[in-house]
Each structure stands twice: as structure tokens, then as C-alpha cells.
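Contents: one structure, followed by commentary.
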Amino acid sequence: MPEDRPQPRHLVSIDDLSLAEMQALFEAAKEFSEDLTAHADRCPGRIAASLFYEPSTRTRLSFESAMLRLGGGVITAADMSVSSASKGESLADTVRVVGGGYADVLVLRHPSEGAARLAAQYSPVPVINAGDGSHEHPTQTLCDLYSLWVERGRIEGLDVVLAGDLRYSRTIHSFAFALARFGANILCVPQGGFELPDYVMQRLREEFGVEPVRANASKMGDLAAQSDVIYMTPQKPHQLSLFTDAKGWNVSHVDAVYMTRPQTERYAEGEGQGTEYLQLGKSALAADSLRDAVVMHPLPRRDEISAEIDGDPRSIYFKQAARGVPIRMAILAALAGELPILDAPPAAGIPTYPVVEGGNPCPNPNCISNTETRHVGAQVALASRLPLRVQCAYCSQRLPVGVVGCRSSRRFHDPASPGLRPVRPEQMVFFVDAAAAERAGYAAASAAHPV
Amino acid sequence: MPEDRPQPRHLVSIDDLSLAEMQALFEAAKEFSEDLTAHADRCPGRIAASLFYEPSTRTRLSFESAMLRLGGGVITAADMSVSSASKGESLADTVRVVGGGYADVLVLRHPSEGAARLAAQYSPVPVINAGDGSHEHPTQTLCDLYSLWVERGRIEGLDVVLAGDLRYSRTIHSFAFALARFGANILCVPQGGFELPDYVMQRLREEFGVEPVRANASKMGDLAAQSDVIYMTPQKPHQLSLFTDAKGWNVSHVDAVYMTRPQTERYAEGEGQGTEYLQLGKSALAADSLRDAVVMHPLPRRDEISAEIDGDPRSIYFKQAARGVPIRMAILAALAGELPILDAPPAAGIPTYPVVEGGNPCPNPNCISNTETRHVGAQVALASRLPLRVQCAYCSQRLPVGVVGCRSSRRFHDPASPGLRPVRPEQMVFFVDAAAAERAGYAAASAAHPV
Amino acid sequence: MPEDRPQPRHLVSIDDLSLAEMQALFEAAKEFSEDLTAHADRCPGRIAASLFYEPSTRTRLSFESAMLRLGGGVITAADMSVSSASKGESLADTVRVVGGGYADVLVLRHPSEGAARLAAQYSPVPVINAGDGSHEHPTQTLCDLYSLWVERGRIEGLDVVLAGDLRYSRTIHSFAFALARFGANILCVPQGGFELPDYVMQRLREEFGVEPVRANASKMGDLAAQSDVIYMTPQKPHQLSLFTDAKGWNVSHVDAVYMTRPQTERYAEGEGQGTEYLQLGKSALAADSLRDAVVMHPLPRRDEISAEIDGDPRSIYFKQAARGVPIRMAILAALAGELPILDAPPAAGIPTYPVVEGGNPCPNPNCISNTETRHVGAQVALASRLPLRVQCAYCSQRLPVGVVGCRSSRRFHDPASPGLRPVRPEQMVFFVDAAAAERAGYAAASAAHPV
């Protein structure tokens, strides 16, 4: 927006950070954590604005504590949905106003997926995504990774159990991608019927080369008794085959168990009824392979972690929550320019293109591109050309693409067709199927360029 | 209230400030704006309390940012209406408590007109009116004037367009009075049916000598195409006649266009339907007389300003919003006694008198004198004796005065009667008409003092 | 909780402080009050969290102002009931998270009695009770005592009138106990039908040796005209008899009148109707014995104190409210370890024991032990063995104990029986009556140990 200053860095997605930047954030956080009250000279005069379009007290307090501990100030709109928004103001206008002098960094929580990306497009100051619908919550993921790093000294190569509702938990999905990116191995111990969804598995495979194999969980005890355990590793499959036999990958030592609550608010009617939810208690923790595993949970918990293990030294979930403050201190200080650990230009992301023909192709009704009426134009991101992977530039949801039109030739092509190769992304129009393309006035490509 | 310290300065109305004081505030704000984060040593240890009896997140955040940037602290009651007030506490008691040690300055937002004046009567510390119903919002007006001053280097003599809903917009009315006071000229471009109300025109005429003349808007393009443009100047009419002809004042150059949204929340049923609201876009801005005009808007906007001009250098509405912080820093610092630019005693205002006979004469049902039940006594302000202009001392609404009684003689007089001249204001009782005076036991003045 | 640091001091009940500690807090508060804005170097980098499970804006603002004036920061959850709690999180987990890095001291307001005690059991940092249901609000009591001490220079031996609704006012009960503890004398002037409840009278008698005697209130004027005045003194009765005659204790000089509002929100249907509530106005204050009495009120007031005495120098209720800030500064600084006036180990309180057999014996449906479902186990506190006084360790409500069982012998005893003497408290099970004990499988003690 402001013509006279460089575009600021934002933290909308964990993918906005390089591995080296994350490592540097961990190290800064660790230094801060040694005495949280000793860093009030880091950001004096700086202000963070909490713009929460839905309540999330814990996340808000954690950010606000972090900013105060850096010596900065905080202005808080704990429920934006009842204020400016009710006067019909667009999110784009709100961030331009609040980011234009009121605050030096915006912390945004919003119920619509992609809201933080939209905000970042307009804000003159850094935007931190504090949760946008079921899309991303990068500081939660950073906190989880940081906690693992503090406990284990590294992330690469660790064996991490993800247990419970793996289907609906945004936290789990983001954590799984990040673990794969760091080169950690994942053991899925899902609640029955709540396995990782296909699109998560697909991304793990396509982006990180992760292949699922069946695991032999005989040493995992109670925890895995009612679950088919899957082992996923970003290592090369032919290496893996050296260590697996007919019974699957042998689980002998787990570094961490990440437990998650049932996301009942997202269940379909009747879903999850009739079966008891996994519970981690003393007997589960007695399993041989867990003797050394730290127990993590994003909190709040209900009954999936028994109070009887609260005193067990392996139970680090309260420490994990506490670590949200120093890691957020590191993020705030870095984005405010008071901690020189971020590269000046943001890491190059997926290229995005405005949609100039047809309606908004994003199929997600909860995407900010569908929920916001002003100052939002549809945009697509081209994650890969071959195989073609197109997603909404805001909410990252994959577009269902049957054929691809070329705006200049008015022809459409199969996504894998050689005829599509010379078409520049700016010229592409994405259709669900050939019929849709024809309705829009496109013709099938010629025989030389068969559809 | 506190006997042992001098009555503090308040900012209830823009009229509480002299022109020289406003000029000094502008200069201080400009200095602050050069680096907003460099003034944290101005008000350490000082606390501002946000007492918001209705939500107004943007205004609140702007004040809180200003106080934090001065190095002060903020305590916030973002929705007072659900707390103390629900326990039946009077506004007078609340400000005495919060102003008695909790905070060094009170920022008050209230849905009732006149609330800030009442608060100022009781508060031991300065009260800033952050909006009292549809009455005043002086820091918004100051922000608008400051923005004009920054852009143009002066206010006197500027030609400023007020466009859109001029009828219901409090912001427009306050801005118009302030422009007239500074000696600027006003061009009214109302949405059809939403012209400036009579009482605003009347005050502009009576207080500032402003006379409306028809304008020739041929060089104003689209913006004025559907509107009868009126030119109002505080200059002497005989001077004006030198520059006008049969077609009216010739608009050749506009300094600023101040656009306002439709205040639909105040419309009567069906009002404003069937006509399209003014919109400022590229084509409107292409008009010859607007080539140099800055575009202002108090925000939030809906569709009255097209996003297509957001990037136009003349569009300063986001800068205008951003300037709310430095101007509020100046106000807070000045009222807190940390910026020596206010005269010690407040500028003498309109004299006020308690109503000691009869009920509350204020006809405004939304006035704090009618909505508050405890610790509020009716008061009138005598703006002028000849012609007689009496208004509510809280909400400034003009009282409908048909005849005036004298408490000692028990006679009533016509407001313009010579018989009223010797009556001291303390003795006056104001009646809607003679019948009302008679019902109250007053008799018409004798023949020597005809009614 | 945290194994590696000492258990922090909390302020759950006024009884957590020794008289000497309170005296030291008063002296620190007085020093702070000399210039509230001059102590911003006391707690830099420290953070207080306001966790309010029900709104109480005044109390919250007072604490937050105090922390800011000490140079600390504040994070605020003004309505916790709509946030984490709605996700099913236990209070125990919330305080462990917020107290684990987010904040250095927790200020807790909760609608359930005993909530602050529960929070203190789990919090790694000091907990301050800012009101738990109708149980305790120790900083209000401290503020009242401090105000009396400032005005009178001492508390011991003062004659303090408690007037109005003495039945339902938590503030009055706490203040009465504290006055007795300090050795002040109490004059009860209740609204008819709203006398001090029996359990308050009982505790005053049992713990502080206070005996009520009828008072001769002829010199108390209007205030006492419709009330039977009771005089209560912690002095020895035989001394008192020297000063009383048939007409009762002669009231000649009152040091303070503490007025309280009708707690209508706790009235049964129809209660208090048909009688006018006490009002303190000019005529009441003209009474001979009140010539020197300061008038106190916890605020907010309704009509029980007439505005006509607001300007009377004896009316100190606004000063009293203002003193909430310096006394809370003293408490916050002391608990944060920045004011060395608290003894390292907390004063030994009443010993408590977990209930290991049977259900929760607490009869109070609004006790946190009954309203909270996770991380709360019933606990009893043994206030006295002979006579046996057992109370809920959370809400302090007395348990109705008919007989006491011994877990090892499976016998039950009369509370006063010599057979109970050798039974250790850990072994005791408390029953409403013998039938309940028998139902639980206990048999009456043998003849040698008669029931």
C-alpha cells in the first residue's frame, strides 16, 4: 500500500518462513525464555494491535503478554465482529486504518479462511495470522516445533506420534506438514474414523515425498491398541524398506506424543458417537516405546489427557503453552525489525494471479474471498504446472480443475495436455469440466492439441 | 469536585478550544507524526481510561494508541453499558471514581447527547468527549482540520466541498462549523433530500455570518451533476457580490472534497430509497475544478468512494485516519499538562444557569438530562439575549421559547420585548407559549411591558 | 505446581495476611498515594492478568491502574466466561497456562465461591481474589480498612457503624470480621429484616469473642430511628459491663458510618418490599454522635446516600474508592516480590484434608467444588476440633456434621465424644446424622466409646 516504504514481512503461513529463519526464531525464543521479564528494552514505543474477529482469549493473551514483555504496547479489539465490521467496513479498510499509525504490527484472528492473506495484501505494517478459520495458525505450529526443539535439541529425524482426531484438527495438519518439512517422521494414531484426510496425505506425498507404511505398534501399548498405526517418513522409500518387514515399520522408540482433543464443533450429526475417545493416562504411558516420549497437547484439553499424568516429567503440555510467549516475542521482535533474523525480502512463495474472467473459482464457502464483499478479488495460486495444482490464493483450497482455457486463443485443454505448455499462467482460466468451458465460450483445442 | 485543585481543562466541544490553541495542537501533532515511536518519554506513569458506553472500536484504538505512544498507560472499559451502569450507578459517580486515582484523563463515549458535559462537571481530571450521541465528537473534527492543514498549509480561505448525506452526519455539521470559524468557504454538494438541516444553516448564519449563494458547478463534473450546489462563505456578502453573477458563484478550483457515507441508521422508514447515492470515482475526480483537490472521508466508507481511486495521490482518507493518532497525542499530552499549549483557564464559553423552576425544558429525549436519572439537574445556556437563543447546557439543542417568565415578578414577556431587558438570566423561566406560562402561574406583563 | 520454585504467596482471603502484614501494606499504600505517577520503576517487565469470569469493571480498572502505575503491564480477559471456559477448559488448566509465562500475577474474579482457592492450588504465580461469588473480596476489605486507618490513624478501638442491608452484603461480613480482628467495635444499624446472619454472629463470637449488647442510640438521630442498634465489641464482657446500663451501651461518639446498598439481586421474591430503605442525608448526619464520623460506602450507591452530603467533608466515599489504587499497588508489588513486606511462608491457615470417601460434603451449590467438573476434589478444613467445626476448604461454608466416622475402625462418633479424640483428621468422615453413617457402612461406636 504505502508507496514510500518497502513491503513488510508478514507471518500468514508457516510457509512464509524458511527453515533457517525458524531455527533463528527458536534460538531467540530460548534466549528470551531465560528471563522473560528482562527484555522490556527491546520494543519501546512499538504497538501491536489485536484484531480478533472471533474470541480466542488464550491466543490473544499470549501475544499481548509477548508484546508487553518486549516493552511494547498493545491495543485490543477482542471482538471486532460487533464493531467496525457491523458498520459495513471491509477488512482491507480496517487493516489500512489500524496499520496506518495506530499500530506497528497487526495480530489478526478471523473466522474466514484466507483472511490473514487478504489483510497482508493491504496492511502497511506486518500482519501475523493468529488463526484464520480452519486454515492456518502459524504461531501455534511454531510454538509446537519450538517446544519439540527445546525438549529434543533438534526436529529432523524425530519420531512423533500424532494421536486423536486427526481429521478435523487444523493444528494437527499444520504440525504434520511442518514436521515433514523439517524431516521428522510421523506416526499416525488416529481415533477410529478420524484419520488424516486425503488432501493432507496427498500434500505430504506430493510436496515432501512422504509415503505412509503400516507400522507394528506392539510396543506402543494401550495408546495404539484400538488404532491402525501408520508410519510416514520423508526419507526415501528404498531406504525405508531396509527397516520394515511384513509386519510394517517397527515402533521401538517414540520421541513425542502429540495428543489432540475431539473437534466436536466440526462433527457432522452423529459423528463420533458410540465410540470412546482415546485417553492418555498412566497405563498408556507405561508402554515400552513411550518411556522417553514427551507428551504434548495444544490445549485446552478435555478428558483425552488424564490429570493423573499431570505430574509426570514427560508431560510437557503446560510448558508447551508457556513457550508460546517467548516464541511470540521472537516473532514480534523480528517482524517489528528489532531482531535481525529475517531475510529482507520474503521467501519466494507460490506465484499468484488475479482471476480476470468468470466468477470466483474458490469452492470454499468459508473463504474470505466468498465471505467478504468489498475489496477482495478472486486470486489463484499455481502450486505446480505438471501435474497441475491450482489453489485459492487466500484459503489454499485446491480448485477442482477439469480443463484449462486460454484467454487469448479461447481454446481449452486437458491439464496434462502438451497443448497447455505454451500458455502463460496469466492467460489461464480454470474450469470444472469441458461443459463449463464451453458454456463460457471456449472451444476444445484442435486435434494437434487434443483435449 | 476536589476542593484542593484547580478545575481541569476538558475537551467536550470543539468550541472549548480557541483558534490559537487548535493551531498549537496542529503544530504539536505534526512534530509527533515525524516519528510516532519516539515520544514514549512524554507521559510516563500517566493513565488514560477509555469509558465507552457504546462500542466504537476505531475511536477507542486511536486514543489508546496515542496514549501508549506517549509512554502512558491505558485502562479500558469497552462496554460500560453492561457493567457499572447495570448496577444503577450514575455517570457522575462513575467519573468521580475513575477520575479519582484510577486515571489521569477520561476518554468518554456515550450514546446520550450531553453526556460528556455532565461528566466534565463531576470529573476531577480532564474529560475528552469521544462522541456523545449525535452531538459532538471534537477529536474527529480536530483530526479533519489537522489533515486539511497538513495538506494545504492553512485552513482560512480554502474552498471545501462537503458531499453526500449532509443532513444526518454529525461529522459534517461539526466540520462545517469549524470551517466557518477558521474562515474557510464551504461548497455543499448534498445527496438529494439530504441537505444541511435548517438549524445548522441558521447557526452558520447567526454565529459566523455565513450566507449561502447558488454556485455554478459546471466545472465540478459528475460529482455535482445531480445536486444543487450551494456556496457558503464567512466573507462579507458585498465582497462576494464582486465574484458572483446570475449563475451564482463560479466554482473553478476546489481544495478538498469531504465525502460522507449515508447515515442509514438514522433514516426514517423509506427515506433515501429509490435514489442512488453519490459515488466518487475516477470519472468524478477527472473534473477540471478537482484536479488539485484532496479527497477526505471520516471512514468507515461503504461504496461512496470507489476503490478505483484508492491509489490516486489525491485520496488521503487513509492518511487522514492515521493522523488521528498524532492529533490525539497532542490533545492527551496537553490535557495531561505535559504540553504547555493550553491557556490555564478554559476559554469563556456560553454562560449556563440551573433550571430551578418547572421541569427539564430540554426537548431532546436522547439528551443525558433526560436519559440519566441520578446526579443530573436541568441547565440552560444563554447563547444570545437579543435575539434570544437559549439551549440545553448539555446537548446544545435549542429550546423552543415562546415567552419568558420572570421568577420574581411572576410576569411573562415576549422574548424580544423591552420589558425582558432588566430581567437577570437567573430569574428567567422559559415557556413554549403564553398558555404554558399561565398554567405555571405567570401573568402577562403589564401594558407598559406588553407581551 | 512447578517443582523448581517455592509455592508463591496468594491473597485469597483477608485471613491470608497477618495484622502486621496489613499494617505494612497500609504504610506502603500511603507512600504510593503521595504521588501515584511516581512509581513506574517498581515493576517494569512484570505482567498482571485480569481473569474475570463475570464483569466487574470497577474492580478490574482499579487493579489494572495499580499495575500500570507500578510500571508493569496488564493482559485482560474481561469476560472469560465466553472464551476458554466455553471450550470446556477447567479453571485449574487456565491458571496453569496463564500463570505459566503469560503473567506474573493473576487477578481472578469468579461467580463461584472458592474459585480463587482452587486457582491458588494450581497457579505457579500469585493469585489475587478479586471476588469469588459471595465469599470473599479481600482487596475491597483491605481498601476499607486502609481508608479507615488513613482517616483515623488506627483501627483498634474505633466505633464503626455498619448500616443498611447487613444480611446479604459480602462486603459487610468481611469488613465486620476484619474490624473484630483489629479490635474495633461494631455498631449494627440494620435495615429492618436485614440483620447480620446467624453464621456471621456465630463466627464473630467463636473466633473473636465478640458479644452483642443492646445499644442506646438516642444520640444517633435519624439513622438509628427505625432500627434496633446492636453494639459488638471484642473486649471482655466484664469490662463492658462497667459502661452499660439497663438501656444498653450508650452511643456517644461514632468514628465511621459504613453504609451499604440493598443487595436486591439476592433478595427472595417480595423481600424488602413495602419498607423504605435507610438513607443517609443532611438531617441524619446532623446527629450529635455523628459530628465527627466519616461516611464510607463501597460504591456503587443508589439512593442510600443522598447527593446532598457529597460535599460534606465527612463524606469520604469517593476518596475511599480512590484509595483502592494505592492499596492494590501495595498488594501487587508485595506479591510480585518487589516490596519486601510479606513473610516468606504464608501465615499458617486452617489445616485442610482431601475427602477420600463419599461424595462432596459441601452443601453450597454455588461452591466451585460443585460447579467445576474437572480438576477439583472435595476438601474439608478443620477449623476447630472441640467444639468440632468443619468447613469446605474452598468456600468456607460450615458442614452440617451430626456424627463423625473413622475410616479405619468403621465406627462413628458424636462430634463431642471422647471416643473421637484419638482419631486423626485424615481418618475422619463427616455425616449429617447417624442414619447417613449407617448407610455408608459405619457402625455406632461401642459402649466404651458411646455415640
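Read from first to last, the chains carry the letters A, B and C; within each, the first residue is number 1.
Here is the rule we use: a contact is a pair of C-beta atoms (placed from the backbone, for glycine too) under 8 Å apart; a residue touches a chain by one contact, two chains touch by 3 or more.
Bear in mind that the values here come from a model prediction, so they are computed numbers and not experimental data.
Of all residue numbers used where subunit A meets subunit C, under half belong to both copies. The two sides are thus made of different residues. The two copies, subunit A and subunit B, are related by a rotation of 120°, based on C-alpha atoms and rounded to the nearest 5. A straight line joining the Cα centres of subunit A and subunit C is 48 Å long.
Within subunit B, the positions touching two or more other chains are listed as 74, 76, 78.
The part of subunit B that touches subunit A in the complex is made up of residues 33, 36-40, 55-58, 61-62, 64-65, 68-69, 71, 74, 76, 78, 299-303, 307, 318-319, 321-326. By the touch criterion stated above, subunit C contacts subunit A in their complex at residues 1, 44-47, 49, 73-78, 80, 82-84, 87-89, 93-94, 96-98, 100-104, 374-375.
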